[in-house]
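So that you can tell them apart, the chains are marked A, B, C, D, E and F in the order they are listed, and the count of residues begins at 1 in each.
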Amino acid sequence: MPYIHIQVTDEGVTKEQKQQLIQGATQLVVDVLNKNPETTHVVITEIPTDNWGVKGEQVTELRKR
Amino acid sequence: MPYIHIQVTDEGVTKEQKQQLIQGATQLVVDVLNKNPETTHVVITEIPTDNWGVKGEQVTELRKR
Amino acid sequence: MPYIHIQVTDEGVTKEQKQQLIQGATQLVVDVLNKNPETTHVVITEIPTDNWGVKGEQVTELRKR
Amino acid sequence: MPYIHIQVTDEGVTKEQKQQLIQGATQLVVDVLNKNPETTHVVITEIPTDNWGVKGEQVTELRKR
Amino acid sequence: MPYIHIQVTDEGVTKEQKQQLIQGATQLVVDVLNKNPETTHVVITEIPTDNWGVKGEQVTELRKR
Amino acid sequence: MPYIHIQVTDEGVTKEQKQQLIQGATQLVVDVLNKNPETTHVVITEIPTDNWGVKGEQVTELRKR
């Protein structure tokens, strides 16, 4: 019964990339833990770069350097 | 002090349905655990169907079948 | 495809109460949003009272008053 | 390796306020736990007031009183 | 800057399996989104089977069938 | 109505440090966003170092270097 939450910055992830993330994450728990894909959920959330910080700074600013 | 996070696909949940989810989830922890509704928070997040996968596939695609 | 996360303080929730939370939360999204219970997941996490704060204070301390 | 998730109602948080939250939360774990800011991530999510409930009511309605 | 949260039932996941999940999830966002592994965090949480429900029932009970 | 989730590795965080995190995080949203501390919740979760990965490796292993 895995639930996988992938949180990334909102920087133009395409529908195809999302499908690849969903497929890859599902396959990962099938391969490693022998989980049932029927009950494996993957959720992707895209976070604006103003709302994500590393080293105390917004990614928006880090991207400018 | 419950915090309840309800994550659903973004498929036209109305304001009234959100109110019903909030009221129902709050009542649930009041009834089952005798919690204080004053400190019970409910948060609903709506996820685009491209961003939610089950069985390794996007809900957008599963909905077409 | 709902995923419901119920976070409560770790203060002796019984197995029966957990079952009631799972059943009630599942029924809620079935009733309000017409969701399929087969793909409805409910996860309960129990947080030590030292690790939960309201009003800037640990629940452990608030409980003593 | 802290990961800090700040969830607030979506009521006009400015870019500058977000920067202050990121800086302050990062400094907090540096000061209290001696963590490395390089691996400290802060994520802010803004929740519509229809989607947040306290005391069984939507914040949208609570704000009107 | 991905943050990946893998939530599974607590049923004997070994240290090696955890390492495989961490490595695989990190590689996934490197391959699909060209992310930097240095800032990719993966967190695994293991949930007791009494605390996870599907179809309105505890996994503990579903496992008995 | 903020909800702040602080996720750290489980490496001996004391009760006093937890209180400082709760107080500091609450004060942060009071100072920056003028939030009401009465409805500000802070939750700390401690993650075993085997369950947290950065750069594709378990923190347990990274700590040995």
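Definition applied: contacts are C-beta pairs under 8 Å (C-beta built on N, C-alpha and C of every residue); 3 or more make two chains touch, one makes a residue touch a chain.
The structure presented is a predicted model; accordingly, all values stated were derived computationally and were not measured.
*Asks:* Let me check something: if the centre of a chain is the mean of its CA atoms, which chain is farthest from chain A?
*Replies:* C
*Asks:* Where centres are the averaged C-alpha coordinates, which chain has the largest centre distance to chain B?
*Replies:* Checked the centroid distances; the maximum from chain B is F.
*Asks:* I'd like the Å distance between the centres of chain B and chain E, where a centre is the mean of that chain's Cα atoms.
*Replies:* The computed centroid separation for chain B versus chain E comes out at 21 Å.
*Asks:* Using mean CA coordinates as chain centres, what's the chain A-chain E distance in Å?
*Replies:* 13
*Asks:* Would you please write down the residue numbers of chain A that are in contact with two or more other chains?
*Replies:* Chain A, residues with two or more chain partners: 1, 3, 7, 25, 39, 41, 43, 45, 52, 54.
*Asks:* What is the complete set of touching chain pairs?
*Replies:* A-B, A-C, A-D, A-E, B-C, B-D, B-F, C-E, C-F, D-E, D-F, E-F
*Asks:* What part of chain A is in contact with chain B in the complex they form?
*Replies:* Listed in rising order, the residues of chain A that touch chain B are 15, 18-19, 22-23, 25-27, 37-38, 40-46.
*Asks:* Within their complex, state which residues of chain C touch chain A.
*Replies:* My answer: residues 1, 3, 39, 41, 43.
*Asks:* Which of the residues in chain F end up touching chain E in this complex?
*Replies:* Where chain F meets chain E, its residues are 7, 45, 47, 50-58, 60-61.
*Asks:* Would you tell me which residues of chain C are touching chain B in their complex?
*Replies:* 1-9, 13, 17, 20-21, 24-25, 28-29, 31-33, 35, 39, 52, 54, 59
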